[in-house]
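In the two complexes that follow, chain A is the common piece, with chain B as its partner first and chain C second.
The block that comes next holds the complex of A and B.
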């Protein structure tokens, strides 16, 4: 039983890690704590319903369209809403992202109605049996794809010239600007990547259960993940996601489903009090 | 002689004129009757609805609201009730008792209504029960049933959905007989809510009659995975399970059980019957999933009520919802509300409405449900059931027997 729960925790945690990674990319690049990240997950699931079930696109093309549409949404939101607030107090930007999530939910309900939607994809739904342990094929695919995306992003960030420019921008906007980096484009790219990663998470979550605006709540579990792991740390966001997934499943099994909320957020509070830069983040020192 | 006839004609004319004047006065009084502090105006009556329209249960409660509004709209198109159209003020609770408290106060005083229908959150019902029972606004057709609001019987509260105790009796009785189990071992899979706890107790009471046992496993309403719950099911090895919650609860449970190779029969509460749920569960796991219901889903039969509802749904662009039991339930509560308003007469007030309903009335939905009988001491609502499944090949609902066949389980 323990191994079963561990595996489902890792699978779920991988999806949280993917969404948390998107959150961390946005925060690292633009200093925006994006409360609408959960709705990007929901939008990803609804884009999946539109491209796969309503338009009937071939699955690979549909996935490309989902990622492209989500990335475009991220860019538009940055240009129209985030960029004009650049330099404003953090509270204003946070309030904007909260309002944005409410607006996005309303848009979904207007476009798709209040009913939940079923997402049917060619992804496998069977199980592998390894001894007494049953491994869901969908869980395996979700975890595998999540890790692939995270690895691909890591490689992009570390080994490509655009990745280097993004890192430079994240480290210091002014210095990057002076060095001739187009900071606006880098920030838009960060939002595009953040939204795209959330959409992939939405695709899997929509297939695991049902597509509804409530996916936002699941997506918002990325917030404690990223705070626990370290808001400025890309590996930290991934590890934070895994931790949240594991805590959720283990506590639901051995204590009660409601206890997972307590444990996740108690850990969050403990991290904020003892190590506010997160498990893998770096302490920021300012010189006077 | 001639003078006498003239005198008689004059007298008759005077009497006729007096009668005409009295009648005109009475009519104009009715036509002029208003009670704005109770939502009654010359040309309309304001009627409140409190449901989750954008929260975790909006997938079912939003559809219920559409069904309710559809019936009311169909009545308004025919001239309304006693010359007044019914204006539905729907307030969104977001499945949050605190929000429902705000909504109730709003509908009581700020935008006052004659009555309220819906109240979809069991937690809200529990927290608002003292306020409602001590107040003046009748609740006509509750979406869910909770003891604090419904017991003891109050002249202010009338049930509008399948009653849980009878749901449990009918479901457990049918499954026990169908599976030929002597002492059934039953598991309740439920979301964490006041209603879920109550439902588990009703199941326990029903199972006890057959010498069986029951247990409860819960999950979050927004759960993404139910591996822990399914592992508990594997451990307990129940003869059958029953599911309480929202659509996601049934989908996750049935899909996870299928993944684990479990073919345990399951029945969901009446709310969990919709084409989307069956589509999401899929034809591999779907045959193991049935629903115990007091309503007949759209298209399941050719009754007059079913045809009327289906036609209205198509007319009002609700075609995608007409097979959802929640739409049917909303429609039937619309019928209940309209009938109650008719009983209240041409000068409706909250007090008159309560007085009229408390004497007892019967709602005939023309086949969408068994007749709903409200007596002075029983306001529970629809309480006759049958099990309904889904034929994936024919793509339609199938009912197992008639309502009358399930009477034997109610004793």
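The block that comes next holds the complex of A and C.
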């Protein structure tokens, strides 16, 4: 039983890690704490419902469409909303993303209604039986794909030239500008990645649970994940996501279903009081 | 020589212009006549339609007054003390919970319940402000986010332990032998209370401590270098604003006479921030304007969409079937537009307009 909970925690945590990775990429590149990331996850799930169930596209095409649509949404949001607010105080940008999530949620509820929908994909939903441990195939696929994506992006950032340019831009904005890097394109790419990863997470979460505007709150759990792991650290975001998934599953099983989210926020508070820069982050130096 | 120049200048500034008294008298007349206007919906015998009154009833005005307490306290915290708190609705929940414990369970009289709620809020604010001793800026915002979820969870647990799923009930609010049973009575109780709190907050900013708070907001290190104990001041600001918000929460609970934990979700907290951004951060009139917009917007939209009875398709879905979502969408877009183009809010725009008009007047 414990192993089962552990495994489902790791699977869910992998999805959270994916969303948190998208979040961390956006934060590192543009310094924006994107409270609307939860809604990007929900949008991904609703894109999935539209392309797979409503339009009936073949699965690979649908997945490509979902990722493309979310990436486009991320880029549009950066151009229309984030770029005009560059250089403004942090609260303005945070409030902008919160207001964005309000508008996005209203749009979803107007277009699709408030009730939840089920997402049926061709992904396997059976169960493996290993000893007396039941492993859900969907969990396996979700975890596998998430780890694949995270590894792919790790490789992208480390080995390709665009990835190097993105890292350089994230490390020093002005230096990158002076070196001739097109920072605008880098920022838009970061937002496209952030939104795209959230959409993949939404696809899996929509299949694992149910597609409703409440997915926003589940997607928002990526925020504590990023803070716990360390906001400026990519591996930290992934590990934070795993931790959040594990805590959620363990507390839902062993304590009570209601308390699953709360313990995550308790851990968030504890980390903020004891080690605010997260498990893998770096201490920020204050300058006068 | 310089002393007499200074003194005459000071004297000139101190005497309020006769215009000010006229404005005050006009405002008082409007505020006192408003409940009668809204209840009877006619003015000097001339019957007013719903649309003319912007679809507002007295109960909505009362809700606006209660929400104004939250907006004022949040604006005080964010704009004047420089602390950003996303989870402000949590203090409403604390107030409601304290009111439930002292009022519904222990049976204290209403005025004492309000005071108890204020004290409970102050304590909660103190605790919620503790992370500010450790972290600043974005991390502190996140800690208020976490605190909000924790408080709402506590309220939910309390509700399920002592009451049931339907909600936490509240008795009638009575001041001595006078029961607040009609919206009119609530209005005449809330209006002086809100005016008093507004006056209290505005004057507290003019004291020595208030100036220290504004210094802390503007440049913390410089304020510390000047000998201001920033940590203590921050906790005090938090406790003060949370006490007011908790009183607002207790009033909210008594007004609705039954609340559940869903009432205090993160959506409610976000509404407060949207209100102060629309109104204008850091200005107390901005909080008033923001709460008024929050009240007026749904009514105006409901009134306008009532005219669109025959539309079909997407437009019908947007205008008729999903009115609450439409209101939310417009509210959010208003915040976004204001943030991009006018971050000083509606009150800020009014101040700038007034300055421009005064400059133009004095030049011509």
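Please note the rule applied: the second predicted complex is superposed on the first by the 285 of 288 C-alpha atoms of A that agree within 3 Å, B and C clash if a C-alpha of one lies under 4 Å from a C-alpha of the other, contacts with A are read in each partner's own complex, and residues count from 1 in each chain.
As a working rule, a residue touches a chain if its C-beta (ideal position, glycine included) is under 8 Å from a C-beta of that chain, and two chains touch if they have at least 3 such contacts.
Model, not experiment: these values are computed from the prediction.
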Inset, instruction - Determine, for the superposed arrangement built on chain A, whether chain B and chain C clash or fit. - result: clash
Inset, instruction - Examine A:4 and indicate which partner it touches, taking first as chain B and second as chain C; both and neither are also allowed. - result: first
Inset, instruction - Quick one: classify A:105 as touching chain B (first), chain C (second), both or neither. - result: both
Inset, instruction - Could you say whether A:151 touches chain B, chain C, both of them, or neither, answering first, second, both or neither? - result: neither
Inset, instruction - For A:218, decide between first (touching chain B), second (touching chain C), both and neither. - result: first
Inset, instruction - Using the touch definition from the top, say if A:253 reaches chain B (first), chain C (second), both or neither. - result: first
Inset, instruction - Check whether A:205 is in contact with chain B, with chain C, with both or with neither, and answer first, second, both or neither. - result: first
Legend entry - Which of chain B and chain C A:12 touches, first, second, both or neither: first
Inset, instruction - Going by the overlay, flag which of 93-101, 255-263 or 327-335 in chain B ends up clashing with chain C. - result: 93-101
Inset, instruction - Take the contacts of chain A with chain B and those with chain C, and give the residues found in both. - result: 105-106, 109, 258, 261
Legend entry - Interface residues, chain C side, partner chain A - complex: 78, 84, 86, 130-131, 134-135, 137-139, 141-143, 145-147, 149-150, 153, 156, 221, 270, 273-274, 277, 281, 317-318, 322, 325-326, 328-329, 331-333, 335-336, 339-340, 343
Legend entry - chain A - residues contacting chain C, complex: 33, 81, 84-85, 88, 90-92, 94-96, 98-100, 102-103, 105-107, 109-110, 223-224, 227, 258-259, 261-262, 265-266, 268-269, 272-273, 276, 288
Inset, instruction - Within their complex, state which residues of chain A touch chain B. - result: 1, 4-5, 8, 11-12, 15, 105-106, 109, 113-118, 120, 125-127, 134, 136, 205, 208-210, 212-214, 217-218, 249, 252-253, 256-258, 260-261
Inset, instruction - Note which residues of chain B are touching chain A in the complex, please. - result: 53-56, 58-59, 62-63, 192, 218-225, 227-229, 231, 235, 247-248, 251-252, 255, 259-261, 274, 276, 279-280, 282, 320-321, 324
